[in-house]
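Shared between the two complexes below is subunit A, which pairs with subunit B and subunit C, respectively.
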Partner chain A sequence: MNNFWHKLRHDSLAMLSLSIIVGVILLGIFAPWISPNDPLQPHLSEKFASWGSDFPLGSDHLGRCLLSRLLYGIRTTLFLALMTMAITVTLGTILGLIAGYFRKVEESMMRICDVMLSFPSELMILAVVGMLGAGIKHVIIASVIAKVAWYTRMVYSFVLVHRQKNYLLFSQVAGVSSWTILRKHLFPFILDDIAMLATLDTGWVILSISALSFLGLGVQAPTPEWGMMLSEAKNVLSIYPMQMIPSGFAILIVVAAFNFLGDSIRDALDPKHCLIPKSVV
Partner chain B sequence: MLLYTLKRLALIVPLLWGISLVTFTLINLSPSDPAEVSLRINEITPTPEAIAQMREELGLDKPLVQRYTFWLSNLIHGDFGTSYVTKEPVAQEILYALPTTLALASLSLVLIVVFGLSLGIVCAIYENTFIDKAIRGFVFFFTAMPNFWMGLLLIWFFAFHLGLFPTSGLENPSGIILPAITLALSYVSTYIRLMRNTMIESKQELYVLYARARGLKERVITKHIVKNALHPFIVALGMSIPKLLAGTVIVENIFALPGVGRICVNAIFSRDFPMIQTYILFMALMFMIFNLMVDVITRVSDPRLRRQI
Partner chain C sequence: MRRGLQNLLVTGLMVFTLVFMGCESKPVSQKENKKELVYASTKDIRNINPHLYGGEMAAQNMVFESLVINTPEGIKPWLAQSWEIQNEGKTYIFHLRKDVKFSDGSDFNAEVVKKNIDAVLANRSRHAWLELVNEIIGSEVVDEYTYKLTLKNSYYPTLTELAMTRPFRFIALNSFKDGATKNGVNSYIGTGPWILSEHIKNATALFKANPSYWGEKPKLESIKWRVMPDHQTILLALQKGEVDLIFGADGDMIDIDAFKVLQKEGKYTTLLSRPTASRAILINTKQPITHDIKVREALQHAVNKQAIVEGILNNSETIAKTLFSPTTPYCNVKLKEYAYDLKKAGSILDKAGWKLDEKTQYRSKDGQVLSLRLYFNANNAQEKTISEYMQSNLKDIGVELKIIGEEKQAFLDRQKSGDFDLQYSLSWGIPYDPQSYISSWRMAAHGDYQAQLGLEKKAWLDKTIQTILIEPDEIKRQKLYDEMLTYVHDQNVYVPLSYSRTKAVFTPQLKGVSFNPSQYEIAFEKMYFE
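So, the complex of A and B:
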């Protein structure tokens, strides 16, 4: 573990990505204090204003400050993506541990996973959103459903490697409760692999939430969200092409940071310990 | 070989049955009542009597199992239901829009294969040189790029700025080029990376060392390496065709192409359940067909796999 932090700390790209992510999260938390204007307040006389002291990044089709909307958009896009990821990972870890450790449910749970995985995640999200209707709540539910089977499968395969090991068998014979074995022996082993997978997938979740909002299926107006800001910019593409730059760039930077960080974590993890081959992710 | 194909074809039936079950359950888990939705779409005030009448008309008053068997037997007879909005058979509308989506997906597949293969091979041959690093930089950039932004940038540059392509729609066949590039760009990076990594791994193998010891030309050795690296490439390609088809949803909406993805999003907005259901069934069917095709192709291309049926 020490080795892992050492490697990661000396990876300048990883540290840069990490500081971008932390910085963006802080900007999102402190958005009410640092944003220059109210993100929802239209100034109809100042539509499509260009850069200036009033609107540092200009204003949109209703004269709302783009920078403020971008900052508040962190709260929707990034925080919702992180929340989705947290729910998915927690559920997946619990289900995977159960499936791997309790042999009675192993077979049935894995078959359910097979069925869910045979649907590609993109289609699964469309199907669930289609049935539940548009709305960000439904997009989050859909993303969780689309990914949870995969995490269950991953955690399950980690557990499989460990469950025949002597230390585990010994604990079982010594009468340690299943809960303690799961919590103290198995969980710490899978933690860093899960962290890596989750980091790599966060970028994917950000893209999928903003893509659905771009289509109008996710976050509803007037809440500021990066994907939706792009879809508003799309309507004035020919006259004000600069409108699509800030939000698009924001998505690109954050997703790239998560991808870089995930890649670096994978490289920093001890290759023998890391159970996932490169081609999988 | 024939036996294997037949076996896989036979497996499609239970899988399709499973998918029909999943979509049917999903639609019945939906919080809104289809009868009420159908009334609202046609701008009829949903009074209790009207809802009751609509429920009867749509067959919603019958028990769940009976409804499922009825729906399934209709499916087998080629009747996928009628749209709540247009009152037309949904299968007809989807079949009408399908060629656009298929054209878009296949053109971007061609782009992915051409650029994924060639750039991947170039990267592996010139490993760790400037070319390799430049291409990999682009690759990383494009994996993080949201494809809806990419689409907008392409429209702005090529359609508005240079005026080379139409901005949207399909009146002109060249209207499909920009959408296909947008779709391909978000997937091609995976293939460049895959091809590069498999080729670099194969370089270490003994057959390469042997070939070099025999004094074969580098060009010939590269040909051997490429052939061996093709297999994972084809497998991964097969796995991503479903993603490509589902990815058309976003691209079709940006470029206003009259494909099934647009139909699907419109159906989600208007809560047109039969349409959504049929879209998912159609897509699932396509995934299975493509997966089958890829599995058969990999077996044809790699004799080692043929023995294990």
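So, the complex of A and C:
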């Protein structure tokens, strides 16, 4: 683990991504103190204002401050994405451990996963939201349902690596309870892999929540949300193109940061990576 | 060998580029003496059977014609060159034009009129919103060019309703399917100035000028109706020169902000019609919270119409103080005005028992929060903006407004079920206002009916509307209108917002663009390029 941190610290891209993410999260937490205006208060006489002192990033179709909405949007977009991720990973880990360790349910659980994985996740999400109705709760449920099968499968494959190891077999013979084995022996070993998976995927979740809000299925007005802001900007695309910039860039940067960080974590965890050049030296 | 391959590639690329460049420059080179008008709509023309409601009305109006027409100066002859009203307004005798032919060459005569009207009557339940359909008891051919219509009562809007875009328009008998039209038609053959010559679903429809049209022939040779589901696409297409005309009433076709920018730029001609329909918020009197008339009254005072009209609608519409504009027939009634007054709205709610919770900033009564649901059509950008603004208006008086955008069909289904606190309501404008619109208030399938069910005197309201429609005496009719409109107004069923106007944006070369009295019709036959 120390080695991992060491590698990560020397990866400037990873550090940059990490600081962007941490910075954005802090901005989101402190949004009520730093945002210059009330994100929900319309100023109709100043709609579509350009960048200036009153509205640092301009104002939208109701004259609401775009910067304030962007900052408050972190709370919805990013925090909901992180929450979705947490739920998915927890569920996936539990199911994956069960499927990997208990051979009785292995077959049936994996086949169910296969069925769920055979649908494109976007299609699954749209179908679930279509059945439950629009709203952010339903979007989260849908995202979890769409992704949990994949996580189950990944965690299952991590467990398989360890299943035949001697220390595990020994614990079993020694009569250690399954619960303890799962908790104390298996879970810590696969934790890094799960962390890597989760970071890699958070970018995807942000995009998916934003996309659904863009379509009007996710967050409902007036809650600020990046995807919805982008959709509102799309309505005036040809006359006020600058409206697209704040929310579009915010999504781009945060998603890119998560993806780069995920890549770096994967490289850092990979024992083959980096070792080769060093040994050559 | 390799060089030959390279040459081939380069040549291929050049041809490719040229082909696409050709596409780009095409609209420019064709500009002089254009004979085809390209109109962009967010919607396909769909099934334009004039006796059903599935099609785009503007397209139905191009192909099919009525006996009489609505003009700003009143009813004028059209396929009927004159008419007599007998028997205290219960019998109408129409003398038809003798020079009218359908575009397939068949004659237009009294026989055709009777068969068409019979076809409409065969589907009475579908047309029940239009009272005239319920009033007709006799439909006779007197001679080849004379047709007689007999009514149950002296129904006063008879001619107005005969002039509407649907259902009383005429389709050739050859188009009938098994002697009827209610299950669809074989073809769309009408007497109008345009013939539908090609229709590719959800892409284009091509209308060619009718060479044997009986009236003044259109100056253009054809109209191309292009379907572009997104406003921005339409706007970009207009700027690129692929589209000549954008025309629409509600926020459906053109975004009001875009309209203002185009108006300012001055590169395109923009036109606004006179105020036509009423934009209002319908309050459901049957829902638990809004059942209380005091809550409804508070809402009247809480909505800042001035700001909506100035700030959101860019002054392109006029503020509405009453549901129907005073210029609508019979609607110049003295009604009390509700001013935008937050204090008053607050004190009304206080008196009604809705107390402000300092912590949440929302009012509540007996543990129930004053929270209302407003539904709107998600495809309509304007409705969404107004809803969002009203949300902040109502928050100022401690009312939580949840706004929910729904797919158009879900929105319409919700009207039928009555499961809403607030909903958007757009009247249909002249010539439907007021008589056909109030007539529809009695139909269970309409949101207005559902929303009025909680009124104490709903039965009386329905009866009065019925009486108004068949009252032969003008003065008595006006008096009934006064009573009815005053009641609905005082009961705060509607929060009137504005009187909408039809908007048109087009290339400056296009001339002769004007508005028909009905916001759903587009007078293509009067347009030409210069």
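By our rule, the second predicted complex is superposed on the first by the 270 of 281 C-alpha atoms of A that agree within 3 Å, B and C clash if a C-alpha of one lies under 4 Å from a C-alpha of the other, contacts with A are read in each partner's own complex, and residues count from 1 in each chain.
By our rule, a residue touches a chain if its C-beta (ideal position, glycine included) is under 8 Å from a C-beta of that chain, and two chains touch if they have at least 3 such contacts.
A quick note: this is a predicted structure, and the numbers were derived from the prediction, not measured.
In the superposition on chain A, contact is made by A:216 with both subunit B and subunit C.
Touch criterion not met for A:169: it reaches neither subunit B nor subunit C.
Using the contact criterion defined above for the overlaid structures, shared-chain residue A:237 touches subunit B and also reaches subunit C. By the touch criterion defined above, A:161 reaches neither subunit B nor subunit C. Once the two complexes are laid over each other on the shared chain, residue contacts for A:256 go to subunit B alone; subunit C is not touched.
Put simply, more of the residues of subunit A are touched by B, taking subunit B and subunit C as the two choices. Within the superposed three-chain model, A:22 lies out of touch with both subunit B and subunit C [touch as defined at top]. In the superposition on chain A, A:122 makes contact with subunit B only, while subunit C stays out of contact range. Of the two partner chains, neither subunit B nor subunit C is touched by A:34. With both structures placed on the common chain, the touch criterion links A:86 to neither subunit B nor subunit C. Comparing the two complexes, residues 134, 216, 234, 237-238 of subunit A contact subunit B in one case and subunit C in the other. Residues of subunit C touching subunit A in their complex: 231-232, 235-236, 239, 255, 257-258, 261, 307, 310-312, 378, 381, 384-385, 387-389, 391-392, 395, 402-406.
Residues 15, 18-19, 22-23, 26-27, 29-32, 140-141, 143-149, 152-153, 155-156, 160, 167, 194, 197, 232, 236, 242-243, 246-247, 249-250, 253-254, 264-265, 267-269, 271, 273, 276, 279-280, 283-284, 287 of subunit B are the ones touching subunit A in the complex. If you check the complex, the residues on subunit A that touch subunit C are 40-42, 44-45, 47-48, 61-63, 134, 216, 220-222, 234-240. By the touch criterion given at the top, residues 115, 118-120, 122-123, 126-134, 203, 207, 210-211, 214-217, 227, 230-231, 233-234, 237-238, 241, 244, 248, 251-252, 255-256, 259-260, 278-279 of subunit A touch subunit B in their complex.
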